[in-house]
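Dropping the structures in below, format is C-alpha cells.
The same chain A turns up in both complexes below, where it pairs with chain B and then with chain C.
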Partner chain A sequence: MVLFALISLSIQNLMGAAIVFGAYSFMMCLIWAGMGAVDVAFTEAAVGAGVSTVFIVSTIYNTSATMRSRPGGMAFKFFIGVVVTLAGAFLLSALTDFPDWGDPNSPVNATVVPYYIENSIDDTHVPNLVTSVLADYRGFDTLLETTVVFIACIAIYSILRIETAKSKTDETEEGITSPPSYDPSDSLIVRQASRFMIPFMQLFALYVIAHGHYSPGGGFQGGVILGASLILLAISFDLKFLLRHWREKSLMLLVASGVFLYAAVGLACVFMGGNYLEYGILDSILPGDQAMARSHGILLVEIGVGITVMFSMVAIHINLASNGRFDRGL
Partner chain B sequence: MEILAYTLISTGLIFFLGTTIGLLRFPDFYSRMHAAGKGDTLSTVVILLGCICIVSTQGDMSWLLGLKILLIINFIFIGSPTATHAMMDAGNKAGAEPWRKDSK
Partner chain C sequence: MVDSTAGSDTMENLIANFNYVIVVILMMIGLWAMLAQKNLIKKCIGMAIFQTGIILFFISIGAKNEAKVPILSKFVVENSSAIIVNDYANPLTQILMLTAIVVGVATLGVGLALAQKVYQQHSTFHEDEILENQRK
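Coming up: the complex of A and B.
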C-alpha cells in the first residue's frame, strides 16, 4: 500500500496517477475490512475507489494531462522531503506510546467500549454499534461531517461556476418536448445497460441507508451510491440530460436540505425540552418508547446525511466535468 | 461441497493470472482491452460462485445469502462488459490503431 502511494506520487502521466490512486484507496479498504471495520471499508470503497477517481479524472480532463515540474529544482524538493520525513517520524514516534492493539486493559477498551457494547441496544434499539455511536452517542461529529461535505460542495460550486448569458437562453428554450441532445448513434449499449442498472443501484442504496441499523451501511454509504447512480446517468447519457431532469437550483437546494433536516431534528429535540440532538425526548411525537424514539431519530438523521451526500456528489461532478459552465460533460 | 468451492476459487485465480499476463504482453490497445474485459468478468464470476458454495455450507437461511451473491454476479455480468465496450469505443474515437502483423 505504501508502494501504491509512492507510485501514485511519482507518475508523470496524471491519468495513470489517478488510476493508481484508486488502487491505493482500494488497498486501504481491504486493510480496514481486514481489521474488522466493515462500515469504514464500505465507505472507503464507495467514495475512494469509486466516486473520487471519477472526480480526479474529470479534473484531469479539464486541465493538463501531465505534471509540470515546479520551479525551484532539486533543493526545494529535498527540503520538502526532509520536512515531511521529520513530521512523519514525529507522528510515528507517538505511536510507540499507544497500547497494544486489542489490549483489553487499555483505557478505551476497559471503560468506553464495554459501555457501548452493553448499553447500546437498551438505549437505542439499534443492533449496529457503529451506527448508534456515530449517529446518537457522537451525533455532533456526524452533523459537522455532513456540514463539511456541504461546504466542500459549495466551495467547488462557488469557485468553478460561471454564468454565461448563453446558458440562460439555453435553459429557457429547452422545454420537455425538445429532442434528446445526446448523439443517438453512438454508445447505445452503454446507455441501455446503464438504464437497466441505475434503478437497481438506487434501490440498493435506499436499502443501505434504511438498513444501517442492522448491517454495515448507513447514511454516508447509501448517499454515495445514490450519487454515483446519478453520476452514471450523467456520464452514459449527456450532462444536459441530467440537468434537464435535475435542475441546478433544485440540486443546490436539496444539498442544503439534508443538513437542514439533521439540524432540524436536533432543534426539535430542544423544542421538546431536552438537549440538542437528544432524540429520546422526541418519544411523545414519535411512536414507541424512549429507546425507539432514539432509533427513529437515528434513522431521520441518516436520511438527512444521505440526501446531502448524494446531491453533493452529483453537484461536484457536474461542476468538475463541465468546468463550471454546465454545458458539456465528460 | 467445500472442495468444489476451493476448486472454483483457484480456477478463478488462474483465469486472473492469465488476464494479467495478457494485459502485459499483448501488443495493442484493443487486444489488451479484450483480454482485460473477458478475463476480468469471468474470473470474478467464478470466484463469486466459489463464495456461494462456501456460504451455503454455513448457517441457516444461507440460501438467501447465496441469492444475494447471485444478484451481485448478475450485476457484474452486465456492468463489466459494458465498461469494456465503453473503453474500447473511447479508444476508437481517440484514434488508437489496431496492430497489424507487418508493422512491427
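Coming up: the complex of A and C.
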C-alpha cells in the first residue's frame, strides 16, 4: 500500500500516476473492510477509486499528461525529506501515549459509543449503527458535511465556469470552420455496454440508499454511485448528450434542493415542537411510533444527502471535463 | 541495562501498534509530496495520500479485537438486552471518516479546478515555470 503511494508519486506520466492512485485507493478499501468498517470501505470504493480517479483523469485530459522534470532540485527534495522525517519522528515519539491497537476499552471506544451501540435499536429501529449515528445522533455533523460538498460545488463553478455568451460565439465559429470529424472515442461497444449497465447501476444505487438502514450503504454511497452512472453516460456518449437531459440550471437547483431537504426536515422538527433534527417529534405526521418516526426521518435525510452528493459529483465532473465551457469534453 | 529494556519496550510497542507507524509513514509521504513535488497534480495526489493517513488513524483507533461489523443481527434486534458492546466496531469514527472521504473528493475537485485555471493562464503545471512567468 505504501508502495503504491510511492509509485503514484514517482511516475513521470500523470495519467499513470492517476491510475496507480486508483489502485492505492482499492488497497485502502480492502484494509478498511478488514478493520470492520464496511461502510467506509464502500464509500472508498465508490469515491476514492472511482470518482476521484475520473476527476484527475478529466483534469489531465484538458491539460497535459507529461511532466517536465528539471535537472537539479535534488538537494531541495532531500532537504524537504529531512524536515518531513523529523516531523514523523516527533509523531512516532508520541506513540506510547496512544491506546493499543484493537483495545476495546480505549477512551475512543469507551465513552459515548456504548450508548449508541446499546440504544440504537430501541431509539430508532435501525440495525446499521453507522446509519443511525450518521443521520440521527450526529445529524448536525452530516448536515454540515453535506453543506461543505455543496459549497465545494459552488466554488468549482465560480472558478471554472466561463460565460455562456462567450462560449456560444466560440461554438458557432468552430461549427462553421471545422466539419464534424471522426471521434476515436465514439465506440459502439462502449456505448452499448454503458447503455446496458447504467440502469442497473442506478437501480443498485437506489437500493443502497433505501436499504442503508439494514446493510452497508446510505445517502453518501448511493449518491456517489448515481453520480458515477451519469458520469459514465457523459464519458461514453458525450457531454452534450448528458446536458440535453440535465440542464445546468436544474443540476444546480437539485444540488441545492438536497441540502434544503435535509435542513427542512430539521426545521419541520422545530415547528412540531422539538429540537432541530429531533425526528422523534415527527411521529404525528409519519406512520409508526416515535422510533419508527426517527427511522423515517433518517431515510428522508439520507435521500437529501444522496441528491446533493449525486448532482454535485456530476456538476464537478462536467466542469472539470469541459474546462468550464460545458460544451464538450471527455 | 535499564536503557536497553526501555528500548526493547518501545520496539515491542512499535510492532504491536504498527498501524500508527503506517499512519505516520503515509502522512510523511503526503507531506513530502505536497512540499517537494513541483507538479500541481502531484501535489493534489499528495494531499489525498495525507488524508488517507488521517482516515487510517481514525479507523484503526476505532477498531476492536474480535469485533464485528457494526450492523446488528436479527437475533439481537429482537432481544435488545443481548447486545454486547465489544462485539461491534466503533461506529462513530467510521461515520466521521465516511463523510470525510466524500468531502475529501469534493475538495480534491476544488484543488484540481484551481490547477486547471492555473494551467489556462500559464500552460504548465510546473511551479518554477509559473513563478518565472509571473516575474516577466
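One rule holds for everything that comes next: the second predicted complex is superposed on the first by the 277 of 330 C-alpha atoms of A that agree within 3 Å, B and C clash if a C-alpha of one lies under 4 Å from a C-alpha of the other, contacts with A are read in each partner's own complex, and residues count from 1 in each chain.
We take it that a contact is a pair of C-beta atoms (placed from the backbone, for glycine too) under 8 Å apart; a residue touches a chain by one contact, two chains touch by 3 or more.
None of the values given here were measured: they were computed from a predicted structure.
Overlay on chain A: chain B and chain C fit together in the combined arrangement.
By the touch criterion defined above, A:142 lies against chain C but remains apart from chain B after alignment on the C-alpha atoms of chain A.
Of the two partner chains, chain C is the only one that A:128 touches; chain B does not reach it. Once the two complexes are overlaid on the shared chain, A:295 sits clear of chain B and of chain C alike. Contacts of A:215 after superposition: chain C is touched, whereas chain B is not reached. Of the two partner chains placed by the overlay, neither chain B nor chain C lies in contact with A:53. Once chain A of one complex is fitted onto chain A of the other, the partner contacts of A:200 are limited to chain B, with no touch recorded for chain C. Chain A is touched at more residues by one of its partners, and among chain B and chain C that partner is C. After superposing the two complexes on their shared chain, the closest approach between C-alpha atoms of chain B and chain C is 13 Å.
The interface of chain A with chain B does not overlap its interface with chain C at any residue.
Residues 186-187, 189-190, 193-194, 196-197, 200, 236 of chain A are the ones that touch chain B when the two sit in their complex.
Chain A makes touch with chain C in their complex at residues 1-2, 5-6, 8-9, 14, 17-18, 21, 24-25, 28, 31-32, 35-40, 43-44, 47-48, 51-52, 55-56, 59-60, 62-64, 67-68, 70, 73, 76-77, 80-81, 83-85, 87-88, 91-92, 95-96, 98-104, 106, 108-109, 112-114, 116-118, 120-122, 127-130, 133-134, 138, 141-142, 145, 148-149, 152-153, 155-156, 159-160, 214-216, 220, 224, 309, 312-313, 316, 319-320, 323-324. Of all residues in chain C, only 10, 13-14, 16-22, 24-29, 31-33, 35-39, 41-42, 44-46, 48-49, 52, 55-56, 59-65, 67-73, 76-77, 80, 83, 85-86, 88-110, 112-117, 119-120, 124-126, 128-129 touch chain A in the complex they form. Remark: chain B residues 75, 78-79, 82, 85-86, 89 touch chain A in the complex.
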